[in-house]
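Both complexes below contain chain A, partnered by chain B and then by chain C.
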Partner chain A sequence: MITRAQILTLILNRLKMLGEELHKPALVQATEQTRLFGDKADLDSMGLVTLIADLEYDLQQHVGRSVSLVDEKAMSRLTSPFRRVDYLADYLVELLNVPKS
Partner chain B sequence: MNFWLHERFKKFNTKPALVGTWGEFSYADLANLTEKIESEFSSLAGKDFTTIGLVGDCCPASVAWMIAAERLQHWVVPLVDHAQETADKLNQIHAQWVVITEGSTWKIYPRAAVGKLELSNNQSIPVSHAGLVLFSSGTSGNPKAMLQDLSNLLSTYESRHENSLVILSLLGFDHIGGINTILGGLAAGSLIVIPESRAPDQVADVIKKHHVAILPATPTFLNLLLLATFDRLADLASLRLITYGTEPMPEALLARLHQVLPSVRLIQTFGTTETGILKTESPEVDSNFLRINDPNVEWKIVNDELWLKTRTQIRGYLNASNEKFTDDGWFMTGDKVEVGPNDTLRILGRSGEMINVGGQKLMPTEVESVILSVPGVVDCRVFGEKNAMVGQTVAADIIPQAGQNWETLRALIRQTCRQTLSTYKVPTRLNLVTAISTNRLKKQRTS
Partner chain C sequence: MPNAIITGTSRGLGRALAEKLLNEGWNVWGFSRTSSKIKHERFSEHLIDITDESSVQNAVSLISQNSPGIDLLINNAGAASMNAFLLTPAKTAEALMKLNYLGTFHCLQAVGKLMVRQRRGLIINITTVAVPLALAGEAAYVASKAAVDSLTKVTAEEFKSHGITVIGLGFGPMDTDLIKAVNKEKLNQINQRIDRPHGTTLNQATDFIFEHLDKKSLTTGDLYYLGKIS
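Let's look at the complex of A and B:
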């Protein structure tokens, strides 16, 4: 079982590493409110794709099965899970069907 | 030489031609810039044939240099890549001059290179014609340099009728699709808007600010545009036509575009660097079937693969064999197609190993050779992975040396790839494996 808090830690850790790789301090200090994609966001499309691939790897390590974060359903949601850290965390909670902590 | 274009620029006079971060340039400004370049370069380099590497994003100086090179009957090679890749390409094509452009300014540098490259098929372009050298992903991983008859290409735009539409140019100045947008738009007196960045939210700002009517884009870009602007779709209200191409269009995305942008006409385009851009139409709004409707194009299907013969096809390759062309001039596109009713076609995508990341293509070997140079990597295999956001992404299976820390190695591989390759070529997924599922690489390295 993985909790929302653990998911959030995974996202923020990966953003920190990506921020260091890409020399983007705002990502290193990311919070729940950090924008991922779109207006005033620090990730470009390939950065976002990389973050998602990294998270899929982490989640597989945690839950022991492969997890796919991006599909047509995710892309066509009215509130995109890829716009902000907290939206992504909520989406992963829903996707992995874990209780909210 | 295409005198008509310069005359048209003078006729369009004060009409705006290009707008970007460097300001607005009228057709008269562009004509003056072209004349200035012609005179400056002729006095510097003489009248003899030469090859010019044109390094810089699309801007008034880049456009004027391409037009001036055509008038001076030189070869011009637009390059907007990663610095390392640009240097390699300049070497490959024996560029004798490098012009670095920015806004309406440029700097000219001579290079120590001599001689004119010959085409591998022993063909040539008429001496009175200029050449355009473009690169595409080669099967060996080494980008293929191909020679287009620039004077011939330019002449195909002469029939364009004047309009005052605003077009956004999104594809690169080193891409046949981007060059088609620029030259076609300028021949018709349109205003071409060059965005500062291709980030979807910033492009949306530019569309709103300049009332852009025509947006040529890739399906991936459109996917990301919807993702970034779902709460500000009104900013896209000026759009009338979206043309899309360079990668297959997922049906779900096409349906979504129709739903959220109901007043926009969506037309699929098709083209390759080898053949130029074809005129096409999309007979059904909700279908990704297209019909080729171009008097300059012949097409046929051989073993489900699309073969083309066009008036704007390249004269040949400078650093690769002509194996993609038949002896009687058909270009084997490598694209698998499905035939629909009434001579329509659906592009299913590339056969073979080519990876298409949001419309930008690469071969696995190009990335494999970089990964193999990383200390701690024993072997690797690079492949394309389906992705709902950007069509395909680059993934790699890696065999590390025994005792190697995986997280450290992953970071090192990414860092090395970022330093050496364009962003879209950097693998987004790295898998730790104990065996490589194909022996292709080992064979290549030992052969």
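Let's look at the complex of A and C:
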């Protein structure tokens, strides 16, 4: 069973790698409050696609089944889960039915 | 050894392509609803319906766990139906759109994500001369393949910065089950229009595809046809 803390670590690790690849220090030092997409964000749409593809792979390795981050539920939310790191972590907790501790 | 996923490998062009790639040393994963009966140590078959999104995702996920990466995706699976537009049942149009367009969509999305992670890959969507020729009597088929052509162009733009090339390769009538019910006179007319009076054999089609496996000579988003389109 994956925990929210582990999910957060996966997100931050992937952002660090992306930041190094894209030469964006803000992504390397990302925190829960880092904006992912939209105004004042450091990822463009291509960067977000890369992050999602990488995260789906990581989550699959952890939970042992394929995970799709992009579904109707994600797209129809009032606040996009792809806007900020903590929103994404919360969305993944819900998506993967992680028990609240 | 390079790795390829091909859809529609149970017969026709898909099967011929799988066999040619295997002969050239590739590892091949085939997606089809029925078995191709290809026996080869480097061939793995997934008996799935590509119109089912989760089946495609699960198959690609399994493949990604058992291979170092995917170099090539050939979206070949497809169906055709010849009928005057006013006589085409809506169910036929729906079925063609589902297999030709949505099946390609699911495979492109699942394998596209994998290739984005790899930062490389070549995707070939099989299309038809029937789209640029706007062939009468093939409205539902042409519309579904035109949708695939649009998908080719848009995904090429979106995948470009990830090192992925997407192209379409189009053919006239081939000697496969797809056209066995089509009137010979009509086939001759189409072949004349694309300047291939003797038609297209499976070997010629697979050779044409092989000529396009070198990414350096390709422009992503382009549609290339075997035959003259004017």
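As a convention for this text, the second predicted complex is superposed on the first by the 100 of 101 C-alpha atoms of A that agree within 3 Å, B and C clash if a C-alpha of one lies under 4 Å from a C-alpha of the other, contacts with A are read in each partner's own complex, and residues count from 1 in each chain.
Basically, contacts are C-beta pairs under 8 Å (C-beta built on N, C-alpha and C of every residue); 3 or more make two chains touch, one makes a residue touch a chain.
Quantities reported herein were computed from a predicted structural model and do not represent experimental measurements.
Trainee: With both structures lined up on chain A, is it a clash or a fit for chain B and chain C?
Mentor: Aligned through their shared chain, the two binders clash on chain A.
Trainee: Output check: A:Leu78 vs chain B and chain C. Expected answer is one of first, second, both, neither. What do you get?
Mentor: In the superposition, A:Leu78 contacts chain B only.
Trainee: Touch test for A:Val49: chain B only (first), chain C only (second), both, or neither?
Mentor: Touch status of A:Val49: both partners.
Trainee: Can A:Gly38 be said to touch chain B (first), chain C (second), both, or neither?
Mentor: It touches chain B, and chain C stays clear.
Trainee: By residue count, is chain A touched more by chain B or by chain C?
Mentor: Larger number of chain A residues touched: B.
Trainee: Applying the document's definition of touch, where does A:Ser66 land relative to chain B and chain C: first, second, both, or neither?
Mentor: Second partner only.
Trainee: Scan A:Tyr57 for contacts with chain B and chain C and give back first, second, both or neither.
Mentor: A:Tyr57 sits against chain B and chain C alike.
Trainee: In the overlaid three-chain picture, which partner chain does A:Tyr91 touch, first (chain B) or second (chain C), both, or neither?
Mentor: Neither partner.
Trainee: So which bit of chain C gets in the way of chain B here: 8-16, 44-52, 62-70 or 80-88?
Mentor: Looking at 8-16, 44-52, 62-70 or 80-88, the stretch of chain C that collides with chain B is 62-70.
Trainee: Once the complexes are superposed, what residues of chain A are shared between the chain B interface and the chain C interface?
Mentor: On chain A, the overlap between the chain B and chain C contacts is residues 46, 49-50, 52-53, 56-57.
Trainee: Okay, in this complex, where on chain C does chain A touch?
Mentor: 54, 57-58, 60-61, 64, 113-114, 116-117, 158, 161-162
Trainee: Which residues of chain A touch chain C once you look at their complex with the stated criterion?
Mentor: For this pair, the touching residues of chain A are 46, 49-50, 52-54, 56-57, 60, 65-66, 68.
Trainee: In the complex of these two chains, what residues of chain B are touching chain A?
Mentor: Per the stated touch rule, the residues are 199-201, 220, 223-224, 226-230, 250, 252-253, 256, 357-358, 387-390, 393, 395, 411, 414-415, 418, 423-424, 426, 428-429.
Trainee: For the complex, give me every residue of chain A touching chain B.
Mentor: 17, 21, 37-41, 44-46, 48-50, 52-53, 56-57, 70-72, 74-76, 78, 80, 82-83
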